[in-house]
Amino acid sequence: MWFWLLGYLVLMAKITAVLTAVMVLAAYLVLVERKLLGRFQVRYGPNRAGIYGILQPVADGIKLLLKEDLMPEGADRAIFLAAPAVVAITALMMFAVVPFGPRLTIGGREIPMVITDINVGLLYVFALSSLGVYGVALGGWASNSKYALLGGIRGAAQMISYELALGLSIVPVVMLAGSFSLVDIVNAQAGLPFILVQPLAFGVFLISAMAETKRIPFDLPEAETELGAGYHTEYSGMRFGLFFLGEYVHMQVMGALVAVFFLGGWRGPVLPPPVWLLVKIVLVVLFMIWVRATLPRLRYDQLMNLGWKVLIPLALVNILITGAFMAA
Amino acid sequence: MIRAGIDIIASIAAGFYTTGRHLFVRPFTESYPEYKRPLPARSRARIILTRDPEGRERCVACYLCSGVCPVNCISMQAAEDSRGRRYAAWFRINFGRCIYCGLCEQACPTSAIQLTPDFEHIRRDLLDMVFEKQDLLVDHCGKDPDYDFYQHAGVVTGLAGKGDHISENAPVNTRTNMP
Amino acid sequence: MPKLIIDNLEIEVPEGTRVIEAAEKLGIYIPRFCFHHALGAVGACRVCAVKVLEGAVEGVQMSCMIDAQDGMKVSTTDPEAADFRRSVIEWLMLNHPHDCPVCDEGGHCLLQDLTVAGGHSIRRYEGGKRTYTDQYLGPLVQHEMNRCIQCYRCVRFYREYSGYNDLGVTGIAGRVYFGRLREGVLESPFAGNLIDICPTGVFTDKPSRYTGRRWDFERTPGVCIHCSLGCRTTVSARYRQVGRMEGRFSQRVNGDFICDRGRYGFYYADRPGRPRSGRISGQTVSVDQAVYEARDRLQRITEEHGPQAVGVIGSGRSSLQTQSAMVHLCRTTGWQGPVFRNTRITGAAADTAACALNPENAVSMRELETADAILAVGADPVNEAPVLALAMRQAQRAGAQITAIDPRPLEWPFDFEHLACRAEEIGEALASAAERLSDSRRPVVICGTEITDAGIVLQAADLVAGLRGSGKTAGLFCTLPQANSFGAALLDECNACAADLAARVEAGQIRALAVIESDLWHDFPDRPQLEKALEKLDLLVSVDFLDTPLFEKADIGIPSLTVFEAGGIYVNQEGRAQQVRPAHTGGLPITVTGAGDHPPRTFAPNVPGRDMPAAWVTAFCLAGQAPPETDAQMTAWMRYNFAVLSDLARMDADGVRLFAGGKTPIAHEATMPEKPEQCLELLLAAAVFGGEPMSDYSQCLRELAGLPAVWMDRADADRHGIAAGDRVGLGFENGEVSFVVRISDHMAPGVLVVYRHPDIDWQPRAGDTRYNIREDRIRRIEKA
Amino acid sequence: MLPEQIRAELEIRIAEADHPQELAVDVMLAFQEAAGYLSERALETAAAMLKMHSLEIEEIATFYTFIYREPVGRNVIHVCDSVICWLDGSESLMDYICRKLGIAPGQTTADGKFTLLPACCLGYCDRSPAMMINRKVYGHLSRDRIDDILARFEREEPA
């Protein structure tokens, strides 16, 4: 009984720590993105709230909280209200299986530095990632707006196209690690991070991850120039904030997955493991921002071409090659 | 095909290089409230009603500015003063609607309505953006300091009679004995 | 029928058609200043130049001056012609004062249009501009000669078309001047048309000076309701206020022109004193409250004393909608009426005139212009229906012989023979003058209803029937007292007049009166009788859009809408029902609702004053019924409920002719008693400016009405030692009224004529428009 | 205003005419004969005689060069300034007369003796340059001849 309670407390502590870190990081990622984009474009970015704009996320948050929560006429109320939460929650839940350090032994008890280590962690991640698109598709549909509807449909189509490449690109990693558990995958990279073994898989995974997060150059569901703001055109206030949060948490998740699958997860010299994981996540996210500053948005047919005709075949070929090597 | 692939990767990499290099360029943004760039006189912002060189209202309420305004933000009522001058009894610009296109200034035959570089006239209450004539009238000639419509147009105003305007002859006498 | 080619398009036109008109038929608009289809061509402006490529005269020609000929080939776009036109514009602009911003014509100026269209923007000539001194031309027309381009349209209209001589063209060469000999009020009651006809801003509208631009006005086709002719107008409204009225071309009714009464009579619609809210015993209440109060109290009186105790009085100035709603009101409640006429004599004359008209003998004004002989009986078109005088002048210019039988000192702008006789002698004179029409082929008899009685109208109708019987295309043209008197005649069911109701009030049979859009106080001839009757009433309800004295006296006052707000159907004197569309929404004008001198700064969801209902809506409410919701439903309702209005379904742009079809007019009494010895007959007659209830509210027209005057025959005046310009007092039972004396050589002896005047607030105790005054009651007050 | 005899004569002619208007110029000239020019009162009187609107009289009067609506001197000199006379030097002759009389065209000498006016064409092209004084035309003008003619008027009417 006592042990059970203790385990529960430890779990809560881990969840709290991870959630706090993820949320704070998401908020500041926005600032970092805006600042970086500014510098990429030879301007300052936000610099009015606090020194170097350090309070900008707080200001944004307050603004979003205070804004009027609009509901379009003819909207499907329940779905319209639920959609942003779906996006945010699925993104947050994915962190449950990301390991952020080796097992700690305190008082003879082993505490895994992961919220929960399930043996199908990888499938869990992909499942949640797929669920997240429900928020987009339903939010777009429930808005009763043609822009939002188009954005939602694009989101769903894009998810189907890239989910496949994303999954297939990870198969060689699973083949090498021999497990679906993320903890095992990290452990399998004790010697060599998989990026060196599987550069092709890394490339395909990174591109697919960006498409999965609906970031430039794959932001067709919200393509401002065509659709206003796509699936969240009709959202305002904190509901829009949840979509926003979901996107940035998703970025972190993808960063974490790249780190876990290809960069050796929390492994690294000198620094404590969670810091290493954090560094790797931030590196991936920074790269995503750089991409955003550099590449223009793809056309919709180009997006589909890339997914179906390039990335999936590449991933399949990669599986074949990996399998051949392993068999040899 | 490999060549093409290399080309693609190279060009993308070039793009990344360019954006990446910009990270280390000093931004040339001007910080607005701290530094206000002097704007050219032709800049189109807050609208004023100017006066003629003698200090009288230039506007004759001809309705051309309101007629040409694409957003219908100008309205007025013409009237006649005791000396026969046509003027605007009331003149109103709804700056909440104005898009500062400057067509009114182009249409104005008397140089009365002019756009100024003063773009800092935001109000918190929308109704405060509705300017009446007294808010619009200034006490100078604006960009066209010498022009006086009533010196040119041959209408009797109490200031000038028939034949008193620029390039006018004295009124004809129909009963003259001259052929 | 010559066939010619203009700009590669072939067209066949009647012989004598000018090239400019032929082009217009093809939809090619050739620029013009001096050419006007009503005035013809003079070739003064030179701007209609075209190039004749093939034909009798080749080269650049004035298209208004050459007749279309067979085999002619014309180009309007030839560079030579276009260049010519460009030069014309440039020289016409040499002396232009460049004052378009302060010119009221700006925005609908032909000169401005063509100057812009021709691309002329810089005055290359550096010499001085010729200037002129302007003249004061009265309260209606503003003169600005500097803008003149010498197209002569004004003089051609004023002199040739309308027949007045006090505007002309003096000087020669560079001094040609269009104006009067000396400053002064233009004499013609058609002077306002100068504004429409001037292609530039020489003549502009004075009362509406500087009030707005053409493009800012909501322009609606309208119909004039200031006399029975129903001339077409264009109503220009802005800020919920009528700003300007113009003539509108009509092939059937008025042609191009309207009179000044119609042009400037609309100011009643937005005068400050106009009733805008309900009134109960002098207290201002909401309109709804007043309507419900009136309904309840009328209901109570009906319950207590029976439906016979309520009378309903209307007038000929209401729309057909209002009149039919009133008939419906009386049908459902059993109330007395509605009566649309004040007295039996003129009422019966008007009714008879309307009923005497049938599809065969009715002529429109445009048909009248082609008559070759006209006999006017007791009609004074200049004063009663001014545009009719214009039509008669066109007939006279084309060679028609015009004869007038009338006691009044007629001053018509054309040659006519005046058989002056007293009102009761008109019948005999008509009988003897009938043979004057025997040589003509298209004679028209014009019959007035102002001073005649039903007998004369019938006599005139019989004359026309006889002429038709002898194979002539004879026509009958009756003028009626008010814009919709014809409609009243069609709908009238009760065979009574206001005088009858007043008698019943006096007898105590009627206890409540509902007076809808009628001003008994001013129009009823017998003031003392009316006063007595009003005192006996338990309840007086007045529904009106004018602040008439009766409205002030009423126990319950309910405002109604003007024709500009409610629209309606009006039936003119030839039975032509014409639809009028509302020109603007109801409610207080924006200039009134605003604080001080500008419109309000805040927005109100409800426009103040918009809750006023049209009079016909009120009539339905008084009957306790829901009115039809839309105008279209109301028209359908009228067609369904009144057989005589069923033809309204065929109404088009020209309107539709309605006829009484064998309806019996209200019975007429014997005419006036014989004139006693030592008496002069005083005749109250219509005046062009004054006496018409709505236009009397126009300040500018009041200025033109002058002083109240009495006209005397020279022999009568000499007998009394009275000279023109003297002031005399006429003693009536209810006091003495003073007049300026005017003397005429060509009016009936033994008759005094007083033209209605807004300042005469007196009604002689008399049967109608005629009154016998003893000679010793004429007193000279002041010598001229 | 008008000599009684002339007036009576005119009235008979007006009564006999089909349209009184056709005598408008004759009537105006008769008034002008009597008073030198057509005054406002003369205009009104003429209009009344002819049963025309006074504006109609004014229109004709201002149209014709030889009907004067403004006061003139006792002798009116019209110097032709049409093309032929101009070719033959009418401009300098006009100047000469101006200097001689001390007035500009359109003006009257201070003593009221002469009024100098240009004329569009006198129809004396064969004897150009020409001028007309009191309805009598003098052709082949030169400075000497002008001196002679004006001197004759001076003599006939001592100041």
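Here the chain labels run A, B, C and D in written order, and each chain numbers its own residues starting at 1.
Simple rule for what comes next: a residue touches a chain if its C-beta (ideal position, glycine included) is under 8 Å from a C-beta of that chain, and two chains touch if they have at least 3 such contacts.
In this text the structure is predicted, and so the values were computed from the model without any measurement.
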Discussion item. Looking only at C-beta pairs that count as contacts, which pair of chains has more of them, B-D or B-C?
Written reply: B-C
Discussion item. From the mean C-alpha coordinate of subunit B to that of subunit D, what's the distance rounded to whole Å?
Written reply: 60
Fill in: Centre distance in Å when subunit C and subunit D are each reduced to the mean of their C-alpha atoms
50
Practice prompt. Between subunit A and subunit D, tell me the centre distance in angstrom, where each centre is the average of that chain's C-alpha atoms.
Written response: 109
Discussion item. If a residue has to touch 2 or more other chains to count, which residues of subunit D qualify?
Written reply: 62
Discussion item. Multi-chain contacts only, two chains or more: what residues does subunit C have there?
Written reply: 170-172, 175
Discussion item. By the touch rule stated above, which residues of subunit B touch at least two different other chains?
Written reply: 174-176, 179
Discussion item. According to the definition already given, which pairs of chains are in contact?
Written reply: A-B, B-C, B-D, C-D
Worksheet item: Taking the complex as given, what residues does subunit B use to touch subunit C?
Response: 60-64, 66-67, 75, 77-80, 86, 89-90, 92, 109-110, 127, 130, 132-133, 149, 152-156, 162-163, 165, 167-176, 179
Worksheet entry | subunit C residues touching subunit D - in the complex, by the definition given at the top | 165-172, 175, 180-181
Fill in: subunit D-facing residues of subunit B, complex
174-179
Discussion item. Under the definition above, what is the set of subunit D residues touching subunit B in their complex?
Written reply: 37, 62, 65, 68-70, 72, 105-106, 115, 117-120
Discussion item. Using the touch definition from the top, list the residues of subunit A that touch subunit B in their complex.
Written reply: 36, 38-44, 290, 293-295
